[in-house]
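What follows is a pair of complexes built around subunit A, which joins subunit B in one and subunit C in the other.
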Partner chain A sequence: MGALGKPIILMVAMYMFLKFVLPNIPGSAPLPSSLIALYLLLTGSGIVIFETLSKESKDAFWSPIQRFLTGEKMGGLQALRYGVLIFFPLLVGWQTYGSTAVSDMPPTESRTIHPAPPGEYTGLSNPVPKTPENIMQGKGFYAAYCSPCHGGNFDGKGPAARGFIPAPANFADPTTIAMLQESYLFWRIKKGGVGLPIEGAPWKSAMPRWEVELPDEWIWKIIMGEYDGAHQSPRTWE
Partner chain B sequence: MKPANQIMKQVLRYGAVVTVAMMIGGASLGYAQESVSVRATLITGGLPLEDPNAAVWSSAPPAMFPMSPQVHWQNRIQEVTVKDVIVRALHDGNQMAVLLEYADPTQDPDDAAALEFMVGDKKAHFAHGQPMLQVEGGPVNIWFWKNKTDKAVDMSAKGFGTLKPQEHQDVKAKGVYANGTWKIVFSRNLSTAHAEEDVQITPGEFISIAFAVWDGRKDGSGDLVEKGSQKAISSWWYFRADAPPDYSGYMYAAIAAALALGFQFVLIRKLKKGQ
Partner chain C sequence: MSAIQQGVKTIQRALPAVNGHRAWLAGLLLAAGWLALPSMGIAAEGTGAGPTEYRDVPYIGSRTLVWIVAQLHLLLAGFVLGVPIFAWLCEVIAWRGGEKRYDKLAKEFTKLLTSAYATTALFGGILLFLLVAFYPKLMNYLTDVFFPSFLLYCFLFLLETVTLYLYWYGWDAMQEGRKKSLHVFLGFLLNFFALFIMIVPNAWATFQASPVVIAEGTAFERAWAATWNPTWWPINIHRLIANVVLGGYICGAYAGVRYLSVKNAEDREHYDWMGYVGNFIGVFGLLALPFAGYWLMREIYQYNQQMGITLMGGFLSWLFILQAMLIGVLFLGSNYYFWLGITYRIPGSESKYRKAMLMMLVSLLLCLAVWMTPHSLVASIEEAQKMGGAHHPLLGVLGVMSAKMTVSNLMILITFMSFVMYWRAGKRDTAGWAAFGKAVMGAILVLASIAVIVLGVWGYFVPAIVRINYFSTSQVLIVIFVILTITPLTALLLKSAKTTTEMVWGSMPPRAGYSLVLNAVMVILLMTLMGYARSSSRVHWHVYGVMRDTSPYAYSPALGSASLIMAFCTFFFCILVAFIFWVATMGDKYKTAASAGKGELPHGIPAMAGGAPNKGQQE
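Now for the complex of A and B:
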């Protein structure tokens, strides 16, 4: 391996790691290609700095690149060199076209799924005693008012759900009610989609504002029934 | 140490792999979102303003959107006939036509359908532009067709109970039923003189659109099942009228490629001269 071999292996390994390994680490997610490009750029810059620390390493690093560009002592690789010299401007042109062409994509939308609740809806505890009767009553209210969208199985797949974007929350999913406090659910059920702050994109939510139809006590019972039915527990700070 | 030739071969091989992988990664993102918008294709020649069966509709790509029963506010409905709508659109730079299509086993006198648009830059709730806690909401522009009159009513709303026909009626509609399918064409000029209440359609710009359908079937006692707020509805989706073709991207690409070529030329010359 020459002075160029290691950097190339390092760059490829870095790319493979960012693209294929990192997204599979639990709790991680696929990286956007722009972030991968940024990391590769940083890796590349680091390599260039490292390789040019001493005169010897600098020469060993640059001389094969220079020989390739100038075409000295190329032998059979001359055709490849011309290929690269033609390919590079075409690539630049293609990239430029891609970045200036009018996009067919609709505007991207960012929506905060669990925006911060107003102060008066933080830290409330459920005033309804957690008895089997109350849980059962809560499940009854849930079946009547919530299950058309959130589903009889608490999975967000009710018969009325299909047309709604964002989709009704799946309570069995550990990233929904399991990471929220009862007080948060009370706010969401009471005020509905239209009660969301701007970052929650309230104009898209089909969640009704139940405060106009249901007494608070019923809402607290529904919350109890939801946690029980979805086999989840509310988040607590203890 | 390996000869320079072999090293350069490796550089090119790995470089090509990385480049191709990035192209594939980037390109696949482009297809993921296409079904979220209606694309009004630009055509020359007459728009089929009154003809839902015109052959030219095949030149507009169909977009399919799922429907839900209206459960957001009272009076709700738990089940509706229409599960999906298929939407196509055409425009000629002055006028636009939208073809709304849905499956319905029966041809009832009371079928009705509507398109809803956000007006201007304001965000409006899909349920008649009702007020939200932090967003004023509305207005929305609703184009309502009913089979009984086979006409469109151009309406505005800023929340429940505020829906009313506009003074200026700019929209036309024509519906036909055949083979278990309703097809309704809505048409209007792209822009109108009343920007505060009418949606203005600028080719190339995305606007928000939603759909509603009332199947005119009756229950055992002869009452309409779907009426008023009891209807099939959709969420907000996007609508865009195609902009006229723009070739400036090719020019920019050619300039960039020429600059890159020039850069290579200068660099190699300098290297050959010895730094």
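Now for the complex of A and C:
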């Protein structure tokens, strides 16, 4: 089993890193099992590729596996072999049962972050002039209506944020509003969670439907205030 | 239906008035209804509000049938358009360089074209019949817009067919002197017409996604405006490169299969070499493909935000994670083949390059890990609670385009360096400036990699338009600069280099053949996947924003269902290609068997009295 030792240690080390080290880095969180499986699959593929690059390394890598499968020259490890050969299919069976049996847990979500906006919102541009006064006014509206959830620092950490899963969007994160056009934000603020399209449901958004309380002009000003406060720029094509 | 409901209500209102006569009235109505039954068929035809808009077929459904046939036609078309590019390049190399084996390879593949061409046309014809039958309203509209280009397409087909026949049947007759130049020119014409055969129908398909409709003008003016739509050229370039990739990898797969089955050393050498050429041309195209894909997606997003988000952030965004996996396997497979070549074809090189291969492999895997990390993760409720949503606070930044573009550029650089390493293996530099030259190349590579990464990280802190228009473009230009600098420098260096170990063809292990087949399957899967993505991005529109799909199939199929169709198309296309190869090489096998028989004849059956031993046998 000598030549297999390193790959096994590498796989275990990688698993430990993904499971216990990476989540404990400041600002991180535990990785979902789908991502761990993906990274382990890549590690395993890399091992197979590297170990089969030459005849010598391939033989050294493959022969213990072949010996294990055929049972040749196993010596005192025969009992262990039988144990693995019985235990492994049972493990796979248990895993399969666990993933297909009826459960009271909700199914794994593959949530889509950005739903496509309706056609009538795609061509809009902000009609409010980008003046310091309008931006300040927008920030004021933001403080009044949005900051309880999205935070005074535009980081999604408002006082009410802890009550929501998923958490309110962090506008300071360059992967959120910086990726989107202003018209997209206008649609999301105006229509809220209830206005999300049916594609990719179930949507989980507690965003209020602000069109019932705020005039369009205020919403456009809030958008300007958000981008300015979060130090981001909207996606444009010019 | 509303008329019937109104009728029922009228009867209900009238019933109280005839309260005492309900029984006979009901009997009268039943009798009238019975007598009126035969008229219902006539009424159904007569009450049709207009011409038929859709037709359907039971079980499989019209959309699925059109999907499968269209995808197979596209794959075959990619093959038929990619192989001539591949064959012509090989012929030119043989013509200018004098290496006859390239000419043989070019001929071997051109032979496939005649049967592949007919099969492609057959599927094109089936597709046309199905479209006209299932979608008459849409086809009427498209015909009205594109009528002049339909005529042009027919004319191009005629030219392509004539050129193909001349090119193939004139191969042996046009081998020497000026005739060979003419033959090479015919090959050029073949590809020239093939390019137009591709871009004309591309206009029809891209028009459906990004239509440009003008109400006024002549038929030609309207067709021209519709043709020159925003996604036409991005698709043209993307498909042209993809066809080269497909042609190269299919050539590789064919060589791989033959390599695994041949018995004698000469054939092993030939198919090993053919596999190398196929993989090289596939990789050559693959290096440029991500750039073209990026440009296409940019144009789609700019054309329509809804379509761009549906593809890149909406329900189709998961396809791009699958795409990353497939491209990753392709990059890994191509590099693996190069590395196996170094180890097996150039004895003694393995120990020298093993560390470099390990570094390249680890770098590729790290890049792939970034590319495959989604922005929103597949997570259970508990896992999502721990992360605070589907977006991981640390790794979530890897899920956006800045990261993806950076790693795709790095993967291209690594793959290019794999090729350079293969090229240099088994040779010793003798030029006086070799050390300096290698230092310059090393510096270019390191600085370029750093620049690509810096631009990638910086891309998070600038407006999206700066990243898209300047940073991503700069990354691409940097990679092109590296390729254009290191290639001639290496060629110059190797011009005076001494060969320390001769290349040994035919010594690759079987897994090299399997990796070639895997690469081809990955390319085909990729094309089916992206074909679905491009077509589905129109959602419930036949022509985006112009003609709505009002058929029962206006919904987008679930990704799982779609993947079944993609897998079926891939499998069926592989079967078709295998059939084409089998048909095209059937004659060769017969000839080989016949010539083997000729050699054995003196030891076997005695020649008939008065006849030559080989009389009656074909050449």
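Going forward, the second predicted complex is superposed on the first by the 127 of 238 C-alpha atoms of A that agree within 3 Å, B and C clash if a C-alpha of one lies under 4 Å from a C-alpha of the other, contacts with A are read in each partner's own complex, and residues count from 1 in each chain.
Note that in this section a residue touches a chain if its C-beta (ideal position, glycine included) is under 8 Å from a C-beta of that chain, and two chains touch if they have at least 3 such contacts.
It should be emphasised that the depicted structure is a prediction, and the values quoted were computed from it without experimental measurement.
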Touched partner set for A:I165, first subunit B, second subunit C, both or neither: both
Partner chain in contact with A:G225 - subunit B first, subunit C second, else both or neither: neither
Partner chain(s) touched by A:G151 [first = subunit B, second = subunit C, both, neither]: neither
Contacts of A:G27 with subunit B and subunit C, given as first, second, both or neither: second
Touched partner set for A:W203, first subunit B, second subunit C, both or neither: first
Touched partner set for A:F50, first subunit B, second subunit C, both or neither: second
Which superposed partner A:L38 touches (first subunit B, second subunit C, both, neither): second
Touched partner set for A:R67, first subunit B, second subunit C, both or neither: first
Which of subunit B and subunit C A:M105 touches, first, second, both or neither: both
On subunit A, the residue positions that both subunit B and subunit C contact, one per complex: 33, 105-106, 165
Of subunit A, residues touching subunit B in the complex: 1-2, 4-5, 8, 11-12, 15, 19, 33, 36-37, 63-64, 66-71, 73-77, 80, 84-85, 88-97, 100-102, 104-107, 148-149, 159-165, 191, 193-198, 202-204, 206-208, 213
Subunit B residues within the subunit A interface of the complex: 1-2, 4-5, 7-12, 14, 17-19, 21-22, 25-26, 30, 33-34, 36-37, 65-69, 71-74, 78-79, 83, 123-127, 130-135, 137, 204, 206, 232-236, 238, 240, 243, 246, 248-250, 252-261, 264, 267-268, 271-272
Of all residues in subunit C, those that touch subunit A in their complex: 302, 304-307, 309-310, 312-315, 317-318, 332, 336, 339-340, 343-344, 350, 354, 357-358, 361-362, 365, 368-369, 372-373, 375-381, 383-397, 399-400, 460-465, 509, 511, 539, 545, 556
Subunit C-touching residues of subunit A, taken from the complex the two chains share: 22, 25, 27-35, 38-39, 42-43, 45-46, 49-50, 52-55, 58, 105-106, 108-119, 122-123, 165-167, 173-175, 178-179, 181, 183-184, 199-200, 233-238
